[in-house]
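Below: a set of structures, written as structure tokens.
Same chain, two partners: chain A is paired with chain B first, then with chain C.
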Partner chain A sequence: MNPSMLTTDQRDALQELTNIAMGQAGASLATLLDEFVDLSVPRIRIVEVADLPAALAELVGKNNLVSAARQSFYGHLRGEAIVIFGEPGCQALADLMGFEGDLGEQGETELLLDVANVLCGACLGGMMEQIRNFTDTGGPAELSFSMPSLMARQVTAGQLIDSKRVQWSHALLLEVNFTIKNRDFIAHLTMLMPEEGIDKIRAIVDEFLEAF
Partner chain B sequence: MNAPPLFNLAETVVKWVDVGIFVLNKNFEVQLWNNFMAHHSGRLAEEVVGKSLFEAFPDLPKPWFTKKVNSVFLLNNFAFISWEHRPYLFRFAHNRPITGGADHMYQNCMLLPLKAEHGKAEAVCVVVFDATDTAIAQNLLKEALETISEISNRDGLTGIYNRRYLENRLSSEFDRARRYGGTFSMILFDLDHFKKVNDTYGHLAGDKVLVEITRRVKEKLRSSDVIGRYGGEEFVLILPQTPLDGAHQFGERLRQMIAAEPVIFNDISIPVTISMGATEYRADMPGYAALTHQSDVALYVSKGAGRNRMTCYAPELEAADAKP
Partner chain C sequence: MSLPILVVDDSAMARKMLIKSLPPEWDVEISQAGNGKEAMEAYRAGKAAVMFLDLTMPEMDGFQVLEALRQEDLNSMVIVVSADIQPVAQERAMAMGAIAFVKKPVSPDMLNSVLKQYGVI
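Right, the complex of A and B next:
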């Protein structure tokens, strides 16, 4: 079987795992911003890294400018999470967080990183919590996180990742739209993982399937 | 086999590890204060523990740090602070008095929720990392990159911006006007019969003319105006916040000033005139290339009409076959 493929059952199970985790991420974001946050059902798939730039361009729109933050996680799963923000999102966020007028580049970056950190932490933390509920093999499902950093500002999605420089083979692509009231705010969460990370995800999903 | 330890391992490690560790409860009272914090702040654990952090350190950025710590309690999630956004949380001296390059310690901080049995954060542990070495290295790198980019954006002869930079700048001015409104103008100008100058007086004389004209124009610019050499004897001016009639007046002044005084090279007096074409940003332009095109059209009209003059772009000019 092509390593990038998931069976329908596996995909459904992963979808279910991430739905709950994403719900928590949405709730955390709502708490942080003190606003009602709506989120779409996450769309999930595994893509080969070579196809990632094209996949991202398709997600966020080919010519739209985006900003992105990255954060590493390690422990039960290892990989790198990337949160991609649509262009209007930055200003909407700044407004929401009560920053008036021009936030300055530093302030905006700090804000993006805070939000990325909350989304990654809540989503992955939520996934770990789900995993702890049904599994007792493979050690404690805990993760550590590195400091988030900015990848790029105001670039097109295609420019975000140079797939030739990525050493890992696969990416778990999670597409979620967080919407805040009447504002345009879209965030896409992507996780890049090495081969064994994807294998581990598959093993976890299989275990999840057996447990129910 | 294992003898009971002579000391509490975790406690000793926390005390002596070379990163700052302190713990706050929900009232921002210090619960733990390790040696790194004590030695750098000059405040011992005995003086600080049990006290409010902000009373002990009134210089801390209270509203911002409160918000940050509260988000950890609220979301049960870690948070980070990077020196790149805030150089430091505590203003500590750094450990490089000799190699220097910084007047304080740069810090990265990590805020961890300390969760009780029920899973909710009851305290927040703040870990302070000394990032001075990284910060100094990164700042040096940044300076080096700025120098490289500055060099790669300059014209070797005149020292003004080159075509590469002008294209980027036009594009970013265009995007800015499109996003935030306002306008800006672009002037393209050519030294008239420049080839003749080179052929008659030699290339050194030609170079002198280019340098001298650049100097004269630069003297008249506002600090926000941009001048660059587009190629050969062709120059570009980008005038932010300037509508076309302003650009016209300004260009006229430049043209008259240059025509009024010949360039002197080795006691030879070389008369110089320029032909100019100008246009301004308009919201219905498809892209910044339209500006280059329109100022080019206007410039050719100036040349066709006998040179040493200024033309502002108008759509009617497109039809006129004014190319010399």
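Right, the complex of A and C next:
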């Protein structure tokens, strides 16, 4: 099967799985920041790796400056979680968390990494919980994470990934975003999985669809 | 006569999950809507004595549906079914007229107890 294909039902099921998972991430963020967080409808793309920068730019807005942190996950699923913060996200975050004065570059980086870690952990954790509850995983459906690291500060989304350095042919791209109204805050949580991950996700959503 | 109920969610799978989780003995006539606009049309057509309403949807979201219902007399018992589990989302939905809030993913037990609690079944 062409890796670019997901049936309408598979796409719908994956979108709902992502929606439930992001609800948990949104609740974690709301608790952390003590603000109401608006959740987006999840977006799903399967793209050739060469088109990844353009796909990210389209999802995030191509002229917007962003800062981003990434975290690898491996185990039952393998891929990269990238949290892309719109500018002036960092200052907004610092204000929301009650920091006063200039945090300095290191302080800002730590803040971005902490928030990225919370979002990735909650969202992927939520996804795994559903996989455990609704599918016969044939083994422990667990994930491990690398330490979060900073990808870039103040670049456009299209500059975040150098597709020549990605060893995959296709990527499954899931995107959800969290906004706080009146605070100029937006964070996009994107998950990227390579082609064999697409097959695995397809098998998982098929099990979901059979269960209902 | 069967009770007209409306299941509103942009995900077909989520609607299916919910419908499968309804009490089997409950005598209902089920309609479905994929967004808020369709939900309002079905409501105006009298298809929603009880409405199961998702919050995060394109076109017109669940909060906008609650607002529109309030302006049109809210002649429906609205049970919000959402993955948005922030306490504030729940409080806001209830303040806007929802009678109950059910977290996704739904289960038959959870729905049954909510429907019993509010005297719907």
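Note that the second predicted complex is superposed on the first by the 210 of 212 C-alpha atoms of A that agree within 3 Å, B and C clash if a C-alpha of one lies under 4 Å from a C-alpha of the other, contacts with A are read in each partner's own complex, and residues count from 1 in each chain.
The criterion applied here is as follows: a residue touches a chain if its C-beta (ideal position, glycine included) is under 8 Å from a C-beta of that chain, and two chains touch if they have at least 3 such contacts.
From a predicted model like this one, the values you see are computed outputs, not experimental measurements.
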Q.
Quick one: is A:20 in contact with chain B, with chain C, with both, or with neither? Answer first, second, both or neither.
A. second
(Q) Looking at A:54 after the superposition, I want to know if it touches chain B, chain C, both of them or none. Which is it: first, second, both, neither? (A) neither
Q: Kindly classify A:130 by the partners it touches after superposition: chain B alone (first), chain C alone (second), both, or neither?
A: second
Q) Any idea whether chain B or chain C touches more of chain A? A) C
Q: Check the residue A:122 against both partner chains and state whether it touches chain B (first), chain C (second), both, or neither.
A: first
Q. Which of the two partners, first being chain B and second being chain C, lies in contact with A:208: first, second, both, or neither?
A. second
Q: Have a look at where A:113 lands relative to chain B and chain C in the superposition and call it first, second, both or neither.
A: first
(Q) Tell me the contact category for A:41 with respect to chain B and chain C: first, second, both or neither. (A) second
Q: Give every residue of chain A touching chain B within the complex, in rising order.
A: 28, 31-32, 106-107, 109-110, 113-114, 117-118, 121-122, 125, 145, 147-149
Q | Touch list for chain C against partner chain A, complex | A | 10-14, 16-17, 20, 56-58, 82-86, 88-89, 92, 104-105
**Q.** Parts of chain B lying in touch with chain A, wherever the complex brings them together
**A.** 71, 74-75, 77-80, 82, 84-86, 108, 110
Q. If you look only at chain A, which of its residues touch chain C in the complex?
A. 9, 12-13, 15-16, 19-24, 26-27, 30, 36-37, 39-41, 130, 133-134, 208-209, 212
